[in-house]
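For reference, chains read A, B, C and D in written order, and residue numbers begin at 1 within each chain.
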Amino acid sequence: MVKKGIMTFQTTPSIASTGVTAGPLERKSPFNEQFDKVYEDERSDLTTNEQGHAKMIEDASMIALSKIDATPSDADYLLIGDLVNQMTPSNFCASSLQIPYLGMFAACATSVSSLLMGALLTESNLSTCALAGAGSQHNAIERQFRYPVEYGSQKPKTAQWTATAAGIAVVTPFKAGVPKITKGTVGRVIDLGTTDPLNMGAAMAPAAMDTLQRHLKGHRTKESDYDLIMTGDLGETGFTIFKELATRQELDISSNARDAGEEFYGKDPKFLAGASGAGCSSAVYFSYVYNEMMKGTYNKVLLIATGSLLSPLSYQQGETIPCIAHAVELTMK
Amino acid sequence: MSIFITAFIVGGLISVVGQLLFDVAKLTPAHTLCILVVTGSILDGIGWYEPLIDFAGAGATIPITSFGNSLTHGAMAEAEKHGFVGVLTGMFEVTSSGISAAILFGFIAAVIFKAKGKN
Amino acid sequence: MDDKKYATLEQEISPKPPLFQNIIRAFLTGGMICLVGQFIAVFYMTFFDFTERTASNPTVATMIFIAMLLTGFGQYRKIAQFGGAGAAVPITGFGNAVVSASIEHKSEGYVLGVGGNMFKLAGSVILFGVASAFAVALIKTILVKFGVVSW
Amino acid sequence: MNKKRIVLTYFYKKEGNAIRNVLLYVFILIVLSGCARLGEGVHIYNHSTADSKLAERIFEEDERLVSTNAIFHNDDLVAGMTVKTFSRFHKEKIEKELKKKLEESYPNLTVTVSADNKVVHKTSQIIQDKEEEQLDEKLKKIVSLLKEET
């Protein structure tokens, strides 16, 4: 049954293992303990930020594969993405891993869009081991979208800090004892005319709400069915708006909704509204959420990763910020 | 020694104007700085900026407005001597120590430093 | 939900910049930087052969040098987050814009990276400085020729 | 890895020291710039044949001045003056006015009047040290410094 982006996976592809790497600053994160590898150096001891970025994704992939005793030659597909121009870090990572590669781009929602793609390939019997995930590196992304890292500009409280992290999940056919991908919803691009690139949370919140509503309606489930509904990187401002929108739609998510970006740095005011970036949602989803599901804390989880599809060119030309959100439902059973 | 007090106050007030352009007029830093530079240039044209420098010293020479002022001042000094041709030649003669210093130190910094994502 | 309705909702929920606090901080930071500049100017006047007029050049250069060090050690960003326009408006902010862009683009090499991107942020200030200086000098020259004002 | 961290922490410590040092220098500057001056009022150092009384009156009568250091030497009259805070806006005007007055009173002398900090400082030094040798050269230097434009 596939209709208007509503997906149900009959064979329940499973996430056999995950690998998460993070930069040195991410030690401040309350999820720090859950990360598989934390670098001492933000460039992973390489010369440029972009090389460090590629290395981080590569290491995450290798860690994820090693957990199921596999090597890159056992993997069928590499479905990864990042935010740098033309996704070069992902491309270089794919070049060194030599796994058949499909570049994925949904900005910060790449973690879920790649997971959905991995599940589709597995569902249709085309893949037995697909790597899905995304990464971001603070310096490389800030320079891409905003100002040079050392440039002094006063950021408002709504601004978010791009996380240095990468998260990779290995999607395999049904496997007992690990989280399974049961449902998914592909988001629509929602653009409510916001133009402030330093308030991305507010731009993305309506997209997250649209996808949540469509997911609940399309799969005939209720918001209270989920142990956890986790949005990607709305940040403090965006998440507050998201909850307000939910109240207006008469959805009660006060007890089970959380936001990865808001919590990523432990609500440290130094990081303003929280974390953002493709690495933020994938790191939290594939470490904390995955581990908690393995422990049995959560059984049914809805992950809604949000992404703002802007470029420095588009907002300098005065365009609005179009946003997207993809949802994936995981169950432990 | 009152020059130190006036420098502090005038420098602070020019910064406050910048902050108002940031927060109230919602301008980007680049737009704000351009407006201030043009303002400095115009103030020099009507002859108000030099008295301000006399009054506040570094309070008027350190803000970016002085950049517009020094360029305009150079151009006008040449224009006073040579008329219309002076406006043009003046433009090529005047430089700001700010630009040369920024170029030189920017290059040195690029040799020495690396960008860090620390918070 | 339409654009306008959402815009009001967003305005309601998004935290406003604390205007009063920002102004105080900008005043203190901007004032402090100018005060340091004044000390440097007095230093040059006292120990070297500079008058009030001529001291401003070495003062500006020294301030940019300090801005370079602060930028390189990652401190200027913090000053700017605290002081806002107080750190952006003084010439040190201009220095910071140039230095930060240079450091950032070092990875593309000294010619294409540093040379090509140094004025990425500060270039507009130079453009408008030079253009407005030209316009103002031209207008003033015309006015003087017509006898409306004198030099 | 470890070594790198040690180097980094060293730099951070250095940074703290650097800031402290800057503050120290600033403090020294205040002390130095504060003490090398003559106090308020008119200070005249007459090293010529001219009568300085007239100049003294001109300076004393002008209410916008805080202090004046005037040096008469051969054919030169060099005066450095500190102007009241809010009169600094009209510094140039005051300089011109006084220069005109002095030139009228002393038609034989070359008059240089300036409210520039540097001139005040230099003239203070000369008067305090009661300098006689090389006075000519020193005065010429002051005048030439003032002529520099940028």
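One rule holds in what follows: a residue touches a chain if its C-beta (ideal position, glycine included) is under 8 Å from a C-beta of that chain, and two chains touch if they have at least 3 such contacts.
Note that the structure is a prediction, hence the values are computed from the model and not measured.
Student: Measuring centre to centre with C-alpha atoms, which chain is farthest from subunit C?
Tutor: A
Student: Once every inter-chain C-beta contact is counted, which two chains account for the most?
Tutor: B-C
Student: Determine the chain that sits nearest the middle of the structure, using the mean of its CA atoms as its centre.
Tutor: Of all chains shown, the one whose C-alpha centre lies nearest the global C-alpha mean is C.
Student: In whole angstrom, how far does the Cα centroid of subunit B sit from the Cα centroid of subunit C?
Tutor: 8
Student: Find the geometric centre of each of subunit B and subunit D from their Cα atoms only, then give the gap between the two centres in Å, rounded to an integer.
Tutor: 25
Student: Using Cα averages as centroids, what's the distance between subunit A and subunit C in whole Å?
Tutor: About 37 Å separates the centre of subunit A from that of subunit C.
Student: At what distance in angstrom does the C-alpha mean of subunit D lie from that of subunit C?
Tutor: 30
Student: Residues touching two or more other chains, restricted to subunit A: which are they?
Tutor: Residue numbers touching two or more other chains: 49, 148-150, 153-154.
Student: If you look at subunit C, which of its residues touch at least two other chains?
Tutor: Each of 17, 22, 39, 42, 52, 57, 71-74, 83-85, 88, 93, 99-101, 103-105, 121 in subunit C touches at least two other chains.
Student: At least two partner chains per residue is the criterion; list those residues in subunit D.
Tutor: 33, 117, 149-150
Student: Mind listing the subunit D positions that touch subunit B in their complex?
Tutor: Per the stated touch rule, the residues are 33-34, 85-86, 88-92, 115, 117, 149-150.
Student: Going by the contact rule set out above, which residues of subunit B touch subunit D in the complex?
Tutor: Touching subunit D from subunit B are residues 1-3, 6, 50-52, 54-55, 74, 77.
Student: Which of the residues in subunit C come into contact with subunit A in the complex?
Tutor: Subunit C residues touching subunit A: 1-3, 6-7, 9-10, 13-15, 17, 22, 71-72, 74, 76-77, 79-81, 83-85, 87-88, 93, 96-97, 99-101, 103-105, 107, 120-121.
Student: Over in the complex, which subunit B residues touch subunit C? Could you list them?
Tutor: Residues 3-4, 7-24, 29-30, 32-34, 36-38, 41-42, 44-45, 53-54, 56-59, 61-68, 70-72, 74-76, 78-80, 83-84, 86-87, 90-91, 94, 96-103, 105-110, 112-116, 118.
Student: Would you pull the subunit C residues touching subunit D in the complex into a rising list?
Tutor: Contact set of subunit C toward subunit D: 36, 39, 42-43, 45-46, 49-55, 57, 69, 73, 75.
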